[in-house]
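Note that subunit A is present in both complexes that follow, paired respectively with subunit B and with subunit C.
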Partner chain A sequence: MNMLEYEIVLKIKIIYGVQGMSSWSMYWTFTKKAFLRSSVYRFEVWSRTGSNIIFLLMWGSIWTALYAGRDEAGGVTFTAMLTYIVVSQFLDGVNEAGTPLWEIQEKVRTGDISLELMRPFDVPLRYLFADFGSVAFYMITALLPLYLVIFYFLDLALPTNWLTWVYFIISACIGFLIRYCVEMTFGLLTFFLVETGGIEDIFYFAMSLLSGSVIPLWFFPSWLETIAVYLPFQAIFFMPISIFIGETTGGEVFTSLGLQLFWLFVCYLVLRMVWNRASHKVVVQGG
Partner chain B sequence: MTIAKYIKLYFKLVSAGIRAQLQYRFAFVMRIIGMITAYTGTAVTMWVMLYQFQTLGDWNFFEMLFLFALSILSWGFCIILFFHFRSLDTYILNGTFDRFLVRPLNPFFHFMAMKFDIASFGQFLFSIVVFVIVSFQLQLEWTLGKLLFLLGAIVGGVLIQGGLLVIISAFAFWTTKSEQFYWVAMFPARNLTYYPLAIYPKFIQWITAFVIPFGFVNYFPTTVILNKETPYFPDYMGYFSPLVGVLFFGLAYFIWMLGLSRYKSTGS
Partner chain C sequence: MSIIEVNNLQKEFMIAKRETGLVGALKSLVKREFVKKEAVKDISFSIEKGEMVGYIGPNGAGKSTTIKMLTGILVPSAGQVTVNGIVPYENRQENAKSIGVVFGQRTQLWWDLPTIESFELLKAIYRVTDQRYKENMSIFQEILGLDEFINTPVRQLSLGQRMRADIAASLLHDPPILFLDEPTIGLDVVAKEKMRTFIQEINKEKEVTVILTTHDMEDIEKLCQRMVLIDHGQKVYDGDILAVKERFGKMRTLVVDLEDANSSFHIKGGELCKQEGNRYWLRFNRNEVSASDLITQISQTHNIKDLTVEEPDIESIISRIYQEGFIEKQTVKG
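On to the complex of A and B.
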């Protein structure tokens, strides 16, 4: 594509941008559409819930066996640990309702995502808002009812202070956004790689272990804990859950939230950089 | 056609498939590296889990590694032979399944021989390295009898997991869906069996022993080889692996053929 064509594309974007709806209501439309779309693929919602329950059962059993009847280990009570795993599986369900990594990779490979470059919206934002819709549907129809029942029947440690709930929700939302940025960045790497085999495995490994989603960081060997602390993954699961079960309290909560915001900023910046490079590459190659 | 002819034909189709896959050598290597990374990730997770706690139930890290590797080894063979069964729904929806019906071959055989995924080299490499490490660490003495027992367990494991893949694919004949059943049911179920079944509630253990006999893939055979206790079950359960495999696969084949007999092309 030469400079002239590039300018035409740019102009189309500007014209659309001017004539189009005001941008927030446009993105809101993606959210609504995604919500409605999920309601059509109800089988998918059921199946995802099924595997979520199986994994909850698995990690619940593993931690029960690890504690082996002890009331506490490493300064953490068994009830707190069980709560940790249940909340972690809940957050896992929330995060998995978004566009999965392989779908982003597929969209890059088939060129779907390049087509969207022509349209008058910002692609990463558009996917984020679509994710809000599918997450909302999944939460309302499956996750919230399911976990309300689980919280009712299991003997778990719920926060007694309503402020803790507020902090947890804020923290979990920031975690969700960080996960989105990281996953999207990993997905966009497909633009630069011929084969993505190893990439997704690294991502899933980091997401399951370094995020503390199945083993809290305080049970890590200290060298691994140090590594995990300096990576953004712990901000997705470990930080919000620690607030929930009361391991992070008082002033630490604000340090924790501040660190999360820092990581969100960094991850967003990286996503922007990768996205700019990627979309530039498309322009140069002509799709 | 005789069985010998079928076997000859199978190798012909398979060698064509292998040559096709080796055309994309870089992709092939990357897939293997990816798989080894993923399994190593699970092994590292087990190690971190046991760093503070030492044992899960009465299983230590190396015993758990053995259990895990046995599952991966038979899964490797399963990928070669049956993994593509899960996407039968795509073939049916696209109408490409019909070509398996118009040739003078058993459709089950033909569909099975269609693909031969040699990327499962990654599974073999991972599990064999783990077996060697664990054998040294636990000072296992491999007698001929034990090796034969292991071989039987692998055959059983391949047939059980392959059988479940075949049953899942047969769902496509009735519901035009199969791939998703794999991700809902079989993928999480396989993950469950990476850990000793003894840690799960009793009803799960019963299901994995008698309904979907995943326990015979790696758990029961491992308890025999490593002399572990199996609560609720007799110690000799592992010896039944090959038999359970044959029976379960027979059932799967029967269900698949039953589904096939009532299959109507989507006409696309």
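On to the complex of A and C.
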């Protein structure tokens, strides 16, 4: 490889965040340290679990009331709907254990994130791997035990085919990655804005409504459903849960996973673009 | 080639003008006006391996901006920089491996991790071998006394402890170059002394090249032989500290306590600059007249009770340069 080729390869690696094999052990260290760090904040685990349960109860009762004793509404059984909400709250717990939007914004405002430019690692990737650690800790200590109990005691529509479980897990993981890209992107927009109130509103609106986390897309009025279908947010909650409760079956599963991968690809590219712009702004304008 | 080369370096910031009032706010939505701020105007210097250079100047002179360009987190507007053969902003991550940086104003450790965890993270980030890690940590423990607080989360450290941890962290991967931007800010006398000893030690033992910015001239006096003095983004002096002292230190002050007060006297070669009771301050140029000469003159007409000769320290020299500018700079090399 000549000098010019080498430089081009290097540029591409930096722009797209491509890592050599030997880097993974470094990122893995971030995962381990974040895991440890979470164990320091035990109160946070409790309070987050508390609020997760409260929201589960709230949405559970709302949907129970909406079904009003009927077994089925809009072609979806009550059991499936209840399962939908429970799985959604579980995924919500998983996604919330990552670095929250305000923390990313805080890091941008204080310039902590700019100082990390000085380190030999890719910043968005390093936060992702740290999130893996926090999520793993929260899953092991709170979410998994809690939801095992819930699944055991409630009469829910669990997948009977082990393959469905596999598809669900894959789909949920892709959803997690999409959520990470979207949240990080929104957080990095702080670099370009003086006031970020509007950005936060859009983000939280999209995450709660357009993702289908509390109301499945099939209950949306058709115009809203059309909007939601053409946006990436549904890939975070709606798509994996639909696989779980058996609304998405057979060949549709692969279409669904394919669409998720497409959105992951798009969201990752957008994140890289915003990140490159942001770091460019830091190095040119000093933050 | 020198380990650090800076040629005609410039950095200007475009600052968006904030309009006041509603009309102004609306106007700035449509069209923003910018003001240009030249933080670094035209700076050149080169530093050899193993040198320890004091980079000083008044507030807002452009010191931190220069350091940031050397680390790669700022792109110069014009001019060239190379650090250890690398252009920092073109290859930030590669550059990062050969430099250590301390910004005294803010920590680079992970805020909510115990201090030791930050070190372990850095070990992984810079791929420090177990062997080197152990060796370096034991040196840091010894000179900086890290073990006192190694298990405390960084956010609970005192300023002095945090600074010690920060400088140790910056050296964990044995960088050949160290940038210190106000490493002694806010430290007490003892902590400052420890910090200086440490910097001196690593410079001597490991031949680390050091650029140090500070507002404490004692740091410079104790650590550096060379200083680069900048003001308003321009270099005003580059050279030996002793030469500055020579140049500006030729003025001495003779302080005499006389037995009889209020007598106004004229002494050839001495300028009366202050009087308090029967204590007199006489400024003189040591190249033109000697202290003993002055004393002889005074003692002919007055009885001297006590006397001292004051030599200006670097602190007062620098503060005079800040205030009056570096006049006759052509006559001093640099």
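Assume the second predicted complex is superposed on the first by the 264 of 287 C-alpha atoms of A that agree within 3 Å, B and C clash if a C-alpha of one lies under 4 Å from a C-alpha of the other, contacts with A are read in each partner's own complex, and residues count from 1 in each chain.
Methods note: contacts are C-beta pairs under 8 Å (C-beta built on N, C-alpha and C of every residue); 3 or more make two chains touch, one makes a residue touch a chain.
Computed from a prediction, not measured in an experiment: that's the story for all the values here.
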| item | value |
| --- | --- |
| Touching partner for A:V270 - first (subunit B), second (subunit C), both, neither | neither |
| Subunit B versus subunit C as contact partner of A:A157, first or second or both or neither | neither |
| Touched partner set for A:P120, first subunit B, second subunit C, both or neither | second |
| Partner chain(s) touched by A:I170 [first = subunit B, second = subunit C, both, neither] | neither |
| Partner chain in contact with A:L224 - subunit B first, subunit C second, else both or neither | first |
| Which superposed partner A:G198 touches (first subunit B, second subunit C, both, neither) | first |
| Chain touching more of subunit A, residue-wise (subunit B, subunit C) | B |
| Touched partner set for A:V214, first subunit B, second subunit C, both or neither | first |
| Which of subunit B and subunit C A:G50 touches, first, second, both or neither | first |
| Subunit B and subunit C contact sites that coincide on subunit A, given as residue numbers | none |
| In the complex, subunit C residues that touch subunit A | 13-14, 65, 68, 71-75, 89, 91-94, 96-97, 101, 103, 106, 108, 110, 112-113, 117, 120-121, 124-127, 153 |
| List of subunit A residues in touch with subunit C within their complex | 10, 14, 25-26, 29-30, 33, 36-37, 40, 111-112, 114-115, 117-121, 282-286 |
| Residues on subunit A engaged by subunit B in the complex (per definition of touch) | 43-44, 47-48, 50-51, 54-55, 57-58, 61-62, 64-66, 68, 73-74, 194-202, 204-205, 208-209, 214-215, 219-221, 224 |
| Residues on subunit B engaged by subunit A in the complex (per definition of touch) | 26-27, 30-35, 37-38, 41, 44-45, 48-49, 51-53, 56-57, 177, 180-181, 183-185, 187-189, 191-192, 195, 199-201, 204 |
